[in-house]
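One chain, chain A, links the two complexes that follow: it is found with chain B in the first and with chain C in the second.
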Partner chain A sequence: MATSAFHFPAFHAFPPSYTRQPVRATREKQVSLWCDLMLAFCKHRGDFWVDMAEITQSELFVNAAINRRMKGEDVVFLFDELVNRGDAQWDVQGAGKTRCLVFWRSPAEWGDLVYTYIDRTGQNNSVMTLYELRCSDMTKGEPFHNLDLDLMLLALQSLELANKAAIFEGAKSDQLGVKFL
Partner chain B sequence: MGSCLGREETKPAGAGTKAATEKDVKSTAAAPASSVNAAASAARVEKAPPPVRPKVTVTPKDQAVLDVKNGRDQLEQYRKRTDVAIAQQDQVARQLVKEGKLERAKLALEMKQLLQTKVNRADKQLRNVEKLLAEIESTALSKEIIEGMEQGNLVLKELAKDLTVERVDRLLEETEEQAQLQREIGDRLAANPLSSAEEENLERELDQLMALNAPVPAVANPSTSAVKNASNPTGEKNVSSSMSHPPIDGSAKTKAPKVAASPVPA
Partner chain C sequence: MRRGVGVSGLHAQQQHKAAYEQAGAALNAELTASMKVQMEQFQHNLESFAVKHKKDIQNNAVFRAKFHAMCLTVGVDPLVSSKGVWASTLGVGDYYYELAVRTAEICITTRVLNGGILDVEECRQRLKRKRFTFTEDISHDDVLRAVEKLKVLQGGFRLVQLDKKTVIQSMPVELSRDQVTAMQLCEDNGILLKSKLASKTGWKKERVDAAVKFLLDYEMCWLDLQYAGGEPAYWILGLVKGAAAQDVT
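Let's turn to the complex of A and B:
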């Protein structure tokens, strides 16, 4: 797996990193280091949705070499911090904090990538289905190819806020489409 | 954030430090949140002015196109998953042949064939849908272009309404008249303001001056220098008086060339 090629920073092999630090300044630093690492790790794996149970058991939070692991509740705490930073979003449909959508690229950045593609390929003013944008052969090779549906929607919503796109339903189907300016 | 604090309580910690950590967490949790919000709202305030661009409008035509495209997507998805099923049946058939279960292998191949015909049909449908979409797009484009041209034609008509041939003729006539006038004025200005008598006088004076200057190349001859010196003052006097007494000037003129000319042959 490509995952094994991920290079962990030094603090990952530092035992105190796995316990919540009592001193506030130290803890803030600790949390910030972990949040950055979580983003880098998810980006490396290409993960959009992170399952708490899975990630807690992953090599991100388990360091067998120093016999340390992050407790499940601390993992959720860290993801809460990531959400507070604006770099992630809890699954609103799921019950509780079991899944988290991680923004190693912000929705606005994803939106920009999509819009650049639209501009470059002269598809302004044309209607596209979300499937077409995400999964068709046309967008193969684009960074947003196979982008998670929820993340794509957030990205398009950011474009909508900037009046660069409109998301709408078909006359007969409830499948969403998008029209770019 | 509330639940986050709740978890904090479950964390094993000394009773004395617990309250302190809780307080800390509250402030640390609140601080990033508020700063993020502040940053976000600041960004929104900064970004607010530029989007003056019009909202993207969705027409019924767009919705119809979306419906067709959704149909196409479904066909494409169907084709993808049937392709997978075909490959699976193929794999199964191969495996069964290996195991010697020929009857079941035959069934698997039959299934594969059935799926293949369905995929082919889906492919055809897909092509038809694509054709329809291309047709819609090009027709919509033609319509837009024609509407644009109509608008352009209206503007052209509006512009040309006042542009009559008579108006142009009149304009050209007036311009010609103006040009004629200008030419006359120019001619007048360029015309010689002196009368013919005055002209004659000027000519005479000019000749005189030329005559006085003529001996200059002959200065090298020493015998003539005295004559020249003697004639010079009279010449000068003549020139200065020429303005007031043209007749005297005339006599001087006839005399002077002779005086000047004589040294040259000598």
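Let's turn to the complex of A and C:
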């Protein structure tokens, strides 16, 4: 999906960016810059679930040109901060903090995109499976096509809270149905 | 020759003195009047010169500096006069006002990450990129003048002289001798090492630590634990050449 090279901001090439800053005010700025970058990077790659081991070795956290890399514990620290900001969620099923679901669009924003599509195509009051919504030819070209299942569920739950959708139980989670109101 | 002694002699002396004084006063008045005329003439010429070369003054940094030097020698300051001929016909005042505003903008946006320390030369490069109204040719001297203007605002803007570089400080924090010395030692690349600071100054560990801690606490430098050689390095961002990292956007 992401074919063009990602453009890193200037601070990515600033060596001290890869050391957790000891002074709180400086660290807060550092964390904020990294969190914005992490979201932009995941969006560029189209990543929803991020694996800590993989991303620690990626060009996001390894800058060979200046011979700096983020330590594993600092990567987890940064994702913790991202979760605190409400821009990500740890995998509660997994063992420890190994996988993180990243919201470069919030679940509510994903929900709005889905609902706009439903509205535009006049499918209110119709029942669809989550599989249809995510993977069928019908939604090809929509931004939420191939959206991660967990994220789609969160998006629909936010619509449900706004009384715009009702989720039906299925045998497996991908067989869940949804009715748009 | 008879010497003027006695009563008549004294009288004559007094008369002479009065005559001298009179002549002197007349001469003075004449001189003053002619000086006044000269000065008026000169100011008039300076004005017409300025108007005639307005473009050069605004666009040519070297020309501008020479013009200022000339003005200074006759006690005219075209920068300070906000109204009157200098500002209205010349726009020189406007030039520095605008430059000062742009300089302040750059200092304020970059100080988020550099702690309010910015090399004048770096500031100049950024000003040139901003392409403000009058010219792209901005000299070192112009930036210094602009910062001098900013002092009036009492926002903590000041110039700090290192060995080679001059830096703009835009935070109202008083720097001590030690902190300035620490900056001087790494003014070439902005990378401060405690070992180097200690060996160059002969300071005890506590004194070195205190100087670095101050720079860290006031966010003028960033810690780097992956510096070649393994010793912690302290990067004074405002002194790092071409440190684009200061640009938050």
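Some observations on this one:
The rule is short, and it goes like this: the second predicted complex is superposed on the first by the 172 of 181 C-alpha atoms of A that agree within 3 Å, B and C clash if a C-alpha of one lies under 4 Å from a C-alpha of the other, contacts with A are read in each partner's own complex, and residues count from 1 in each chain.
Keep in mind that, in the parts below, a contact is a pair of C-beta atoms (placed from the backbone, for glycine too) under 8 Å apart; a residue touches a chain by one contact, two chains touch by 3 or more.
For clarity, every value in this text was computed on a predicted model and none was experimentally measured.
Once the two complexes are laid over each other on the shared chain, residue contacts for A:Leu149 go to neither chain B nor chain C.
By the touch criterion defined above, A:Ser136 lies against chain B but remains apart from chain C after alignment on the C-alpha atoms of chain A.
Of the two partner chains placed by superposition, A:Ala65 touches none, neither chain B nor chain C. Once chain A of one complex is fitted onto chain A of the other, the partner contacts of A:Lys29 are limited to chain C, with no touch recorded for chain B.
Once the two complexes are laid over each other on the shared chain, residue contacts for A:Phe180 go to chain B alone; chain C is not touched. With both structures placed on the common chain, the touch criterion links A:Pro16 to chain C but leaves chain B unconnected.
Taking chain A as the reference chain, the count of touched residues is higher for B when chain B and chain C are set side by side.
Of the two partner chains, chain B is the only one touched by A:Val76; chain C is not. Counting contacts by the rule stated earlier, residues 22 of chain A appear in both its interface with chain B and its interface with chain C. Interface residues of chain A, counted against chain C in their complex, comprise 10-11, 13-19, 21-23, 25-26, 29, 33, 67-69. Interface residues of chain C, counted against chain A in their complex, comprise 112-113, 216-217, 219, 222-228, 233, 235, 237, 240, 243-248. By the touch criterion stated above, chain B contacts chain A in their complex at residues 1, 3-4, 7-8, 10-11, 13, 17, 21, 24, 27-29, 32-33, 36, 40, 47, 51, 53-58, 60, 62-67, 69-70, 73, 76-77, 137.
Looking at the complex, you find that chain A touches chain B at residues 20, 22, 24, 27-28, 31, 73, 76-77, 80-81, 84-86, 97, 126-129, 131-132, 136, 160-166, 168-173, 175, 177, 179-181.
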